[in-house]
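What follows is a group of structures, each given as structure tokens.
Note that subunit A is present in both complexes that follow, paired respectively with subunit B and with subunit C.
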Partner chain A sequence: MAGLRLLNLTRESQLSWLRVVILSGIGILAFLSRLFSVIRFESIIHEFDPWFNYRATQKLTESGFYDFWNWFDSSSWYPLGRVVGGTVYPGIMVTAGIIHRILNALHFPVHIREVCVFLAPAFSALTAVAAYLLAGEMKDSSAGLLAAAFIGIAPGYISRSVAGSYDNEAIAIFLLVFVFYLWIRALKLGSAFWGSLCGLFYFYMVSAWGGYAFITNLIPLHVLALMAMGRFSSRCYVAYSSWYALGTLASMQIPFVGFQPVRTSEHMAALGIFGLCQIMAFTQFLRSLLPARTFQVLLQAAALLAFGGGLAALILLTTSGFIAPWTGRFYSLWDTGYAKKYIPIIASVSEHQPTAWPSFMFDLGFLIPIFPAGIFMCFQELRDEHVFVILYAVTASYFAGVMVRLMLTLTPIVCVASALAVSKLLDVYLKDSNANEAEGDPSSTNGDNAATQPAEDDPVGLISKMLGIPRHYVRSVVNTRWLVVGSIAWIMVMFAWHCTWVTSNAYSSPSVVLASRGPDGSQHLIDDFREAYYWLWQNTPEDAKVMSWWDYGYQIAGMANRTTLVDNNTWNNTHIATVGKAMSSPEDKSYDIMVKHDVDYVLIIFGGLIGYSGDDINKFLWMIRIAEGIWPNEVIERNFFTERGEYRVDDEATPTMKNSLMYKMSYYRFQDLYGGQQAIDRVRGTPIQSSKVKLTVVEEAFTSENFIVRIYKVKKPDELGRSLESAQTFDEGKRRRKTAQNKSGKRSRKSRAGSKKQSE
Partner chain B sequence: MTLHRRRLPLAAILLCAVLLVFSSTVSGAPAGDKLDQLNKRLSSNPSSPITLSQKDYELFTSKPRNYSLIVVLTAMQSQLNCHICRDFEPELKDVTAAWARQKAPNTLFFGVLDFKDAQATFQSLQVRTVPIVYYFPPTASATGKVEPETYDVPRKGKDAEDFANWVEATAHVKIGYKKPLNYAAIFSALLVVMLVIVLGKLFSDNILWVLQNKLVWMALGLVFVIMMTSATMWNSIRGAEYVGVRNGQPEVIAPGFGNQYVVETQVVGLMYGLVSLSFVGMVHAREAKGVLGQWGPLVLLGIFMFLLSWLFAVFKRKNGGYPFGLLF
Partner chain C sequence: MASTRSNSSTSSQSALSASLSSHLLQALETYRSRTPARLKFVDAYLAFLVLTGVLQFVYVLLVGNYPFNSFLAGFGGAVGSFVLAASLRIQISGNNPEFKDVSPERAIAEFIFAQIVLHFFVINYLG
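For the complex of A and B:
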């Protein structure tokens, strides 16, 4: 303080400087705490979807904006292709592209990959600032600083914004919080400027993430609640109208959104409230002109007419098909059984599962138990902006309960509400109680004024009497003020540990590179995915078509640069079901499908050797289910279960299971690793079938070090017109010796991953 | 001796013949007889499924068959506690009734086999879950399929619509099931609406007071948020059990990070509420006067810290590797 005073600063500017320093500290911390994966592994794009975003960003930086905008990607969804420009939220790619261009213009020769990897941490620093502003509007800047600190390290947000997680959410959460801040600001000031700014950032949000629908519905809900509470004002009118008009027009410029804001049910609430705002404003205008009696009659008639007319029009337009009903993805949030029954592809994604309570504690730590306290305090004050917090909390907590993934939208409001609660507590207890005394309050809270009133029944007095220690000694230990503040500080330190631990253990794996620990604690990296994709890139023709389950489509396109049949943009369920059918059918049937789709290579993931549980045999049931949805008579899930309803891969497995292409490709030559002993699948924890797995329509092309990725080449049709099976039997009969020699030669080279005894 | 030796083959042949006749009566009555029997059974109550005994089941499912038979394996005894069996029963009746209205005799029959009547059959079929439906096609069918097909009710859906669709697809018949209009529900809905309007008119002042009362909204909002953040939705989506049982003892906390019981979430929700309550209490106790002001903060701090630590302890129990804890 003394140093600052030398700068001739007033107390006010000292405080604001302090705020700036703390806030930048929080921003830096938020950035740094997301770097675990870069330090442990390397600067690498994570998981699945980011690989597509990365590939699209590369396209953007290499061939320019207009090429990107009109990009038709013929190398995905073979043979359909995909109109990328029109089916993508371009916000994140354009953001990264602009940052890359600015850095290069400033002569920082940064590769686009580094920009993509570090985009999410950088934006989370901005999110902290946005949370500071939002919570500042609710209470004051000290609540703002707490909210910023909470959101900077809350695992619920880190889970989606670690370095390398180059996905839409990386920038969308910043935009979400900032749009809400601008909205509150516009509402408070009744300013068209802030409302327009809100509309502009809403446009940015729409361009970045499909979750913008949350804003599109929450702001109208807020306005509706204000109307119901009789708080509709010209400020509200100005803010909402400027946001809605500008934001909607701007959002329609995104090709993927297009005319949806006027044609789908998700957006109707915003439109309806916009109309209601006009009516309310008009009636208020009339009220000022007409006598009270006439006005009452007119108001009632107009309200009835407007409501009935609007509802009838909505129903008519929906049934006539002009307004699309709720899409399946949104509808499944209301009717939670819907997706499981009708859209298995949505139900199959693990992040679309409901949330169990430990996940809430895991992602938000101690913030979740005191979250209701924050909401309670909002109810106590209940200014317009507090109504917003309450509505946000109620809706977001429902969504987070239905889908693990939407924990992300809940996190900001939990941080803000809990920050309100904690800062209120700190306000009360950090206030010097001596000040109370000076004001002449005789019954000051913790009995400090022993001189004027020797209270015997307060905690300090009681303890000093019981132990026979003078009052002032006891008072220095049993000081309510410092006990409360100390406990809260301790809990917050714990929270920081909690967040660091969760981030480091759960959210920092790139999932492209796996890490395992040896018995001595040393780290061992498993890099099978990149090994296999590199092999594909180097050893296959450039126009080769690779068939794999949709999870790996983006990675194959991004890392191996090969054409895929299906990928993580799951827009065509039938095409995915085709792949599922090819995987789950017997070889001859699969072969027909693969030939029809020009498949050259088949890529599968197999974890049985090292116990990688996210492999294709575990995902197999979903492939079957999705295929069954389209061909219920050809793929039957029941046939993959034993009589007792078990899903088995050993000798007890059903013939359908054993004959399916996926099963065969997974376990082909797996036994060879065990040198005559029983082969054990370490994921399922069972031995596999004891007879040898035979493949006739595909041949093994590549298997990665730990057997995680296996690539098979689809054979060309037999030149003599025989079936591939009979051709193979014929060949084997003729050249048994030769193939046996070949195999043993290969085996000794491969077996280093298996048992060492065998090669000796 | 010689005589004896010569007669032996004759006796053996006789014995064989008798055995053959006998065994043929056991394993397969002529298909026509079975059809008559089935129709006789059906005639008493054509619109509901035939209740089968173990013997009936063996008789009617034996080959040859010139009819289709659908057998529902179920367990209606109350001590077996099979909710879905009881849910499925009326749906099955509706489908059977719809089939009876089609007036297509001798083609398809519905039967029910209860666990209490045919435990041996259940064991020999290795039935693990009930209700399960077996479809026995005619032995000389066009598709050439003779083996029974199954319909797993819990997995494929217990609604009459789903079941009827499956029957139509597998047996190649037209059931013509239509979901009946639920008149009771429509009338009760109308009644409720009218009641609401009448009551609303009568007690408009009181209702307005409730609607405009901040406390009511606050209670609703807080309870909703607490319920949601203690993962009530998981319970309803996954159909969680109310309380677990381990070694005969009731178990409140489910083992494992991704699992929970209903009672567990209720306890957790209550803890959230109490933690928040004590937190708010601390804020207000400091400004209170008298004994409350002196003792309140300390006591509430104690409660707050204790409950929060308890929550983290439970969390740690569910999440094995978690290293932290507050007080214990």
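For the complex of A and C:
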């Protein structure tokens, strides 16, 4: 190796050039491997939440920062509205806005949508760099490069950062890793400069993602562990104090966070450790002034007093209500049954379920088996920063086990720890061959001398025996070291293969467009969502209010540009329960609710025709549960099940089910598609009720090509003051006398609407 | 010196407190004689910051915390300045082997940087 000289560079600069080239290669790879969905489909925003972020970013670029900061969004949560500036983490929007600004200033007139779509891949390249730095602090730059390569392609991270996934996590993981790097750096150097940089990037992280609470608890935990191990040092004091003092004050500048850092239980660990740090530092100062024995007594008294006093103060303040207890979202991480019992809206999100084993393997491949080995190596060395890795690994593993979504915070540490293990392995087996030969010689000569005993653990001996070739000849060809290195290389190649496959097949589909393949391999795209949203946008009055389940709130606001009642920001549970009640009640009751809320259109998702399983009938039980939480006497979950406790949609469905607005809207005119035959619901796999579904308070306004999105218009109250149901039966009755054949509910309503228009 | 331990707990406590106070006096004396002038200067600054912090806190206890952000900004500014100055003191005290790489000039520069950032946030938060 020493003989290798390229371009007359010294070995040192060769290495640094090599590092730069490899790191930029990893960055480019991380960027490119996230573009599957853009290449296959188009450059659009995926999923639900990113649509709000996109809309807010549009607002930011169109009307400037101050308008965005004070934005009152009157087109969501209809009667209430939403103060966006105070209920959002603005980091990602501001980041995209600044990038857009810079690009335009450089005369690259890029549309803001492209910036939003490609933000996550760009930041994942930065994440790779941050992982390089972090792992470099733990071991050396070769471990850093491995960590960068792992996190560049690990599916656990790709799943939340493909192009088009314009969500908070897109920049938050970079910030998480980078804050941890700065923290380790500050701790190692004992430098207030790195501590304040850590505070600054912590501020950026707070502005970007609610997961900053993980940092606020992990860094104090690290310091506490160091204290308990007797490793508290002045460097630790400088790093932690400067981080906490700056970071806390900075984090409170974000309106959504507000006074939380001094008022909520999630942040009390950091405050407590801050106090403890001061006491520890002061006692260390006293130690230099006092004789040892007095100091002992003083130390014990001070430690006891501080700990007891702090704990008592915390309990007192929490019980007196000055400090808020854990919020439900965090509490459900400890008491895993809590959300299901008390807050169905948290439990209803699919990401909040526990993680199964296969998904660990699926998302992290061979890193998962190697990860504990990396942790073990940290235990062996156990410098201050290794304590951090261990704590991070333990806590993040627990959280990832409790909640699928938190797999994301586990991924960085898995990559770093596995990189430590792999790099250690390569260090041992890739040493200079001469040196290793010298080390290996004694044992091999022993084996040669004692030819009588077969060397079972010596692969060289085995091969030479089997093939009948002299030992030294075999050894020059086959070497144990190369077997090890070769298998590691093979595993890593397979890992890259696995990652690409997972990314391509599992994580690169925009949920806005549904893709299916025909038997001949041709692709068939189902674009019903945009069809329906576009219809809403073009064919309804601008101030129309659309009621839908909260999942689609952001998309309706983003794509159809209409006012919604509830959306994915589930800040008002009662309002969501109101919508759930309207959906699960009989028509007349829902009509009252809809009229009171000025609802003009009702939008539902129905997958029964093409087998789209994420439709509203499958989510219906959650609507019922959430509504039942508020009105336990009016909406009763039991009534939607048959006698035997089955959830059915066919003839055996309960009357409550058949009369609910959601059921009627979903299956309205569904039989017509089957031309008199039994209609089959392809999601539930059962026939639906055989009698015709009649709607009285709403009328069908639009149904998309594959029946996925159905939009109903809420009727005006009857002019004669009758209930809409009796008005309709009256109309039908009259019609029956006039033309005896025509009984179809739809035709009669159409002509009735026509006559209404004439009368107007 | 606290070795004059008796079986009765009260007498041992009083003896301890007596010896403690004498020790504290002695510590004060050690501090005065051994600390260099520039560290004493930093310590005076620290004492001043503690005083401002305590005064603000007492005021809030007396009057109430209505503009809570202003209180947090002022108090946080005092606490932040205190810990930054304490960090500076630790770094420049000279006898600490942990800070071989941090020269006093670098420590001062770091202190100034951190103070500027801190004051930016304090002023922004005063409201």
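Keep this in mind: the second predicted complex is superposed on the first by the 692 of 760 C-alpha atoms of A that agree within 3 Å, B and C clash if a C-alpha of one lies under 4 Å from a C-alpha of the other, contacts with A are read in each partner's own complex, and residues count from 1 in each chain.
We take it that contacts are C-beta pairs under 8 Å (C-beta built on N, C-alpha and C of every residue); 3 or more make two chains touch, one makes a residue touch a chain.
On a predicted model such as this, the values are computed, not experimentally measured, just so you know.
Per the definitions stated earlier, placing subunit B and subunit C onto a shared subunit A by superposition produces no clash, and the two fit side by side. Look at A:354: by the touch rule set out above, it reaches subunit B but stays clear of subunit C. In the superposition on chain A, contact of A:192 is made with subunit C only, not with subunit B. Contacts of A:293 after superposition on the shared chain: subunit C is touched, whereas subunit B is not.
After overlaying the two complexes on the shared chain, residue contacts for A:669 are found with neither subunit B nor subunit C.
In the superposed model, A:55 lies in contact with neither subunit B nor subunit C.
When the shared chain is aligned, subunit B comes close enough to touch A:429, but subunit C does not. Draw one line from the C-alpha centre of subunit A to that of subunit B and another to that of subunit C; the angle between them is 100°, to the nearest 10. Put subunit B and subunit C next to each other and count what each touches on subunit A; the higher total goes to B. The least CA distance from subunit B to subunit C in the superposed model is 20 Å.
Comparing the two interfaces of subunit A, the one with subunit B and the one with subunit C have no residue in common. Residues of subunit B touching subunit A in their complex: 126, 128-129, 150, 152, 157, 169, 214, 217-218, 221-222, 224-226, 228-234, 236-238, 257-260, 264-265, 268, 271-273, 275-277, 279-280, 282-283, 286-291, 293-295, 297-298, 301, 304-305, 307-308, 311-312, 315, 318-319, 321-324, 326.
On the side of subunit A, the complex with subunit C involves touching residues 189-193, 195-196, 199-200, 233-235, 237-238, 241-242, 244-246, 248-250, 252-253, 259, 262, 278, 281, 286, 289-291, 293-294, 297-298. Considering their complex, residues 1-2, 16, 19-20, 23, 26-27, 30-31, 68-69, 72-73, 76-77, 79-80, 83-84, 86-88, 90-91, 96, 98-99, 101-102, 107, 109-111, 113-114, 117-118, 121-122, 124-125 of subunit C touch subunit A.
Per the touch definition, subunit A reaches subunit B in the complex via residues 336-337, 341, 354-362, 366, 368-373, 375-377, 379, 382, 390, 393-394, 397-398, 400-402, 421, 424-425, 428-429, 443, 445-447, 455, 457-459, 478, 480, 483-484, 487, 490-491, 494, 497-498, 501, 505, 632, 638, 643-645.
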